[in-house]
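Letters A, B, C and D name the chains as they come in the text, with residue numbers starting at 1 for each one.
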Amino acid sequence: MIKKILIANRGEIAIRVMNTCREMGIQTVAVYSEADYSSLHVSYADEAYCIGPAPSAESYLNIEKIIEVAKKTGADAIHPGYGFLSENAKFSQRCKDENIIFIGPAPYAIDTMGDKITARKTMMDAGVPVVPGTKEPITDLDDAVKVIKEIGLPVMVKASAGGGGKGMRLVEKEEDIISSVKAAKSEALSAFGNDAVYVEKYISSPHHIEFQVLADNHGNCVHLFERECSVQRRHQKVVEETPSPIMTEEVRKEMGKHAVAAAQAVNYSGAGTIEFITDDNLNYYFLEMNTRLQVEHPITEEVVGLDLVKEQIKIANGEKLSFKQEDLGQRGHAIEVRIYAEDPDNNFMPNPGKIEHIQFPLGPGIRNDTYVYNGFEIPIYYDPMISKLVVWGANRSDAIQRMKRALKVFKINGVKTSIPFLYQIMEVESFVKGRYTTHFIQNNEQELKMRADCNMECAEIGTIVAFLDYMNKREAKLSSINEESASSKWKESGRKFRFLI
Amino acid sequence: MSYEISINGETQPIQILNRDGNKIKVQMGKATYELDVFEREPGIYVVLRNGKTYNYELQAYEPKKYKVNTFSEILDVEIIDPESRYSKNRKGSHDDDADHISTPMPGQVVKVLVKEGQEVKAGDTIVVVSAMKMESEYKVTTDRVVQKVLVKEGEKIDSNQPLVIFESLE
Amino acid sequence: MIKKILIANRGEIAIRVMNTCREMGIQTVAVYSEADYSSLHVSYADEAYCIGPAPSAESYLNIEKIIEVAKKTGADAIHPGYGFLSENAKFSQRCKDENIIFIGPAPYAIDTMGDKITARKTMMDAGVPVVPGTKEPITDLDDAVKVIKEIGLPVMVKASAGGGGKGMRLVEKEEDIISSVKAAKSEALSAFGNDAVYVEKYISSPHHIEFQVLADNHGNCVHLFERECSVQRRHQKVVEETPSPIMTEEVRKEMGKHAVAAAQAVNYSGAGTIEFITDDNLNYYFLEMNTRLQVEHPITEEVVGLDLVKEQIKIANGEKLSFKQEDLGQRGHAIEVRIYAEDPDNNFMPNPGKIEHIQFPLGPGIRNDTYVYNGFEIPIYYDPMISKLVVWGANRSDAIQRMKRALKVFKINGVKTSIPFLYQIMEVESFVKGRYTTHFIQNNEQELKMRADCNMECAEIGTIVAFLDYMNKREAKLSSINEESASSKWKESGRKFRFLI
Amino acid sequence: MSYEISINGETQPIQILNRDGNKIKVQMGKATYELDVFEREPGIYVVLRNGKTYNYELQAYEPKKYKVNTFSEILDVEIIDPESRYSKNRKGSHDDDADHISTPMPGQVVKVLVKEGQEVKAGDTIVVVSAMKMESEYKVTTDRVVQKVLVKEGEKIDSNQPLVIFESLE
């Protein structure tokens, strides 16, 4: 039985893991970099040890140091959170060698899923759909045409030696096949001296839909349904929700089976996520597997009613899953937004600094996964995420309304945050209707720049309040000076002086 | 003492006409406001005007300059008293940042690509700064001559701290 | 359609109602007493109006003033919360007369359920079990014995003119019936000059179990299952949970039907609660009906997945319930504790004062319904409840563990609170096992006084920290005085002076 | 200056031996403590000792008197310096509250049942105070004579504010 867990991470996920440990009566060990001395995860743990300077390479990625702390404190297990060492096969192996339980999959699963080509091949063998495409470069025109017809339009033809968009052609109509392949080949030849091309299915309205899986060490594996993560900016997820607004019960079942097959193909153990790229018609293809807990795992917890970290720990403990696929169901709707210290009106420039004041939204259906507090200085070395705000509602429209309510009363002072941008997402028609793809943010750039109106009166009163604040401070300063000059009379008489030295 | 207030660049005279506890009467421009103003926590204000509620969060990033957060917007407010009017006039129009490079946020210098005395062309990268897992390149927009390099690679910097100074364009 | 609601209440329930209004796009009007000027419900509303001095009778119970504000602001409806005017039939009638929707039942339902004798009679007619007992005083010994045998032992024999325990006898054994009745009668005679007695069924291990009901204005009525509220101190609920740990599926169905019958018997509309007194064998008897939202409604929301305030508003709007009894189910387990500003180690003396610092527990499965903030001064005029802490867990034991985690990290500085006492409840064996009655607190007085150990080292370091804090403040004061004496040099030279006046 | 510290009534000498930023070495009684002490927010302390974490919330209700909240307990801590030792000695043993009645919490006076000069018997109720929907009666435990009544019915009172003063028992 695991009695003490070292959390090899920081920020909200360290707190998240510790919460479950506390509930399970498991002792926690925090590790922290010098820059994280004042971080909440330090005081939240039973024990805490500094493992090096601010840069991750010298602290949170420092395997030797982390193993050393685990051994010193007698931790039975290490939870890697997400990021940092969570998908590091060497670290998983090293834990094994040191007889410490790594709360995550075995090195083999991490390695196999970590390499795109091996993963793709493994999935094909397991019968999991992958994005159709050629496996070898093609030089012959007829071969290319044949392959394209097999895959079906639209396709992307890419120079096999290529990069930077050169020798790349999107083919959407049958009559363009030959001319496009020719153009791609000749462009490829002149640019790279090699006219070989790849052909890949092109998904024009892609959705990012992922399935949560849980597998124990006794051959049992279930999925916990999907998460829709298509609201992305620069391939970073911004909003996640479950259920997916485009999912059908039939496809859900089928995708779930494929997700389980994918996990079983690498003999997976623990919590993992199978990411699929999906088109408007719910054709779906394996993209990659994340062999760890995801940032967005809370929405699954809210809708399925399980604690994923608890399941991870139980699996690591060698326990069997206590439920079967048919015991699991989805209830209501959950949405997560990631709140960053960044300036949405200035190209999302990171905006680290001191949190002067923070007031979390509270009340029904709201969950805050966070690690900041009043006065906390966000370190510049790590991810600028302040908080994950999660809401649950009886249905999608209730959840959206609740998210808007929560964002409206979420006050963070001192740094700029993505809150007004996230609020605006909840207002955009295609989001409200649930008809959006991974192009959502770029397709709605203008609408997303709009801000709920601070009308004339609101702005004028705000201005006056700043003036009043200034005048109040000025008065306070004046009267404190008068007071001190009064106190200096005491000083002269020697009476108060005695108590002050 | 006479005050003016500037909001997002527009300036108007402002004056407290009357004050009775939290009930305050203010003249701004030509309009008069009767407000009930309560500072709930430092910088967190609740205002009632004719029964309507308004919530603000203030951040005084300089003694006379405020960011006023209204949820939907952040207003830039500056208090102008005779002293600041005087010093503004003295500084004149020559108060731009073109003579140095700085970054809007704290971070760490990754690379300094210039030396003192070096001539650089418009578009050249001068420094690379990393903050929150993102590297940003800072470039010059006109041809310049480097006068002074104030930071070293690896150095931690504050927001708006001058990093490289150029010779004046005049 | 309701577009603007006046909330005729204060504290956490005002915020709770406003949260739902915000989610429904309904404008909110707060009313407040002079003592509540700095209360969060004032700034949380779209509009706020002072309705009088601190004492409730002059503000929150001031019907004229509240109606005046509702009319002035054009509010379509008034939500009374709980307490104050929520069960005031006159107020309900007055709203009706003024063409303002009262979000609650009609005066008839309030009146009928508000009078114990009428309520009891109405329930008997509706076939709802009530505590068996005599309806008329009995003077004849044989009559009394006959009645006792009908009711069944144990019974309580009470002087009908009585009070203060005089002329009261608990009868548990058959052979004691005659002697006990005689003793009660003679005691009653000498104490009150009247030897008439009442006989009532005595429930030796009582559980307080209540059923939430919802009824629309179209004849539909459902129940939302039970809440177990047996952890009480001086008849005040302290901890509530759902499902009840002693409930069976069969009895739940039967009690639910009786709860619906009870509501229908008074033509009920809106959200209400039927309270039952229940013995160890799940024999249950109608106690009373609360014709309003209950303090403990959140646990039902968590487990059933509905927003009760939203349902109230929809019903008030004239909408039909959007679900039937068979659509409703319970998922997981929820517990609520009421956190008061009181000193559990000093006879629960109220401990009002200023909240110097408050840090809410966050993360999975935790809901905070509250209205306080850093620096808030709890008014002395009202209920000292600071916060309702609600947790949800997949099962009862998970929920208890989560509650313990939440209570451990819930920090309130400045006033003493019931947190350590509530934590201790979660540790007492009979609570953990779910075998407890309304005598729980008095039966476990000693155990509930125990406190999780602050060991020697923890106490010593805490002492040192106080010393360091003192020394730091002392230093800061010294250096500020030095600074000011430096600044007074500026003053003398006239330079800084100019900017400060 | 030499300090002592009293915790829940027990007194020991205390002294800071060394201080390097947040790393602090303290002697209390015969034991030495090496601690890493961080004040996260005013009065909210995090302490590391040999890797173990300790969390405290402090409330200085008088300049030298603290309530230290450890979650499980509230410790009463008092700092004793030469000045407080001096004044303690001077006050001597005659520092009890028996000469007046006060309440431990703020509230409102509901009834004052005595007049100045009145003789009262042990057990008599002197004042009734209401706070948070609860009324409490305050009684005398010995026969006394009322010297002064300091409050009126309806008056709002602070915690520990003297309400009625009795003639001295001596």
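Here is the rule we use: a residue touches a chain if its C-beta (ideal position, glycine included) is under 8 Å from a C-beta of that chain, and two chains touch if they have at least 3 such contacts.
The structure displayed is predicted, hence computed values, not measured ones.
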- Determine which of the two chain pairs, A-B or B-C, is joined by the larger number of C-beta pairs in contact. A-B
- Item | Chain whose mean Cα position lies farthest from subunit C | B
- Message: What's the distance between the Cα centroids of subunit C and subunit D, rounded to whole Å?
- Response: 32
- Using the average of all C-alpha atoms in each chain as its centre, how far is it in Å between subunit B and subunit D? 47
- Touching two or more other chains, which residues of subunit C qualify? 44, 373-374, 408
- Enumerate the residues of subunit B that touch no fewer than two other chains. 41
- Item | Pairs of chains in contact (touch as defined earlier), listed by label | A-B, A-C, A-D, B-C, C-D
- Note which residues of subunit A are touching subunit D in the complex, please. 30, 37-38, 42-49, 73, 373-375, 498-499
- The answer for subunit D against subunit C in the complex is residues 3, 5, 7, 14, 16, 24, 26, 28, 31, 33, 35, 37, 39, 41-45, 47, 49, 54, 56-60, 63-64, 66, 68-75, 77, 79, 104-108, 131-134, 156, 159
- Counting only contacts in the complex, subunit C reaches subunit A at residues 15-16, 19-20, 22-25, 44, 298, 301, 305-307, 331-332, 359-360, 362-370, 373-374, 394, 398, 401-402, 404-405, 408-409, 474, 477-478, 481, 484-485, 487-488, 491, 500-501
- Using the touch definition up top, name the residues of subunit A that touch subunit B in the complex. 341, 346, 349-353, 356-357, 380-384, 408, 411, 413-414, 416, 420, 451-454, 457-473
- Message: Quick check: in the complex, which residue numbers of subunit B touch subunit C?
- Response: 22, 38, 40-41, 46, 48, 51-53, 55, 83
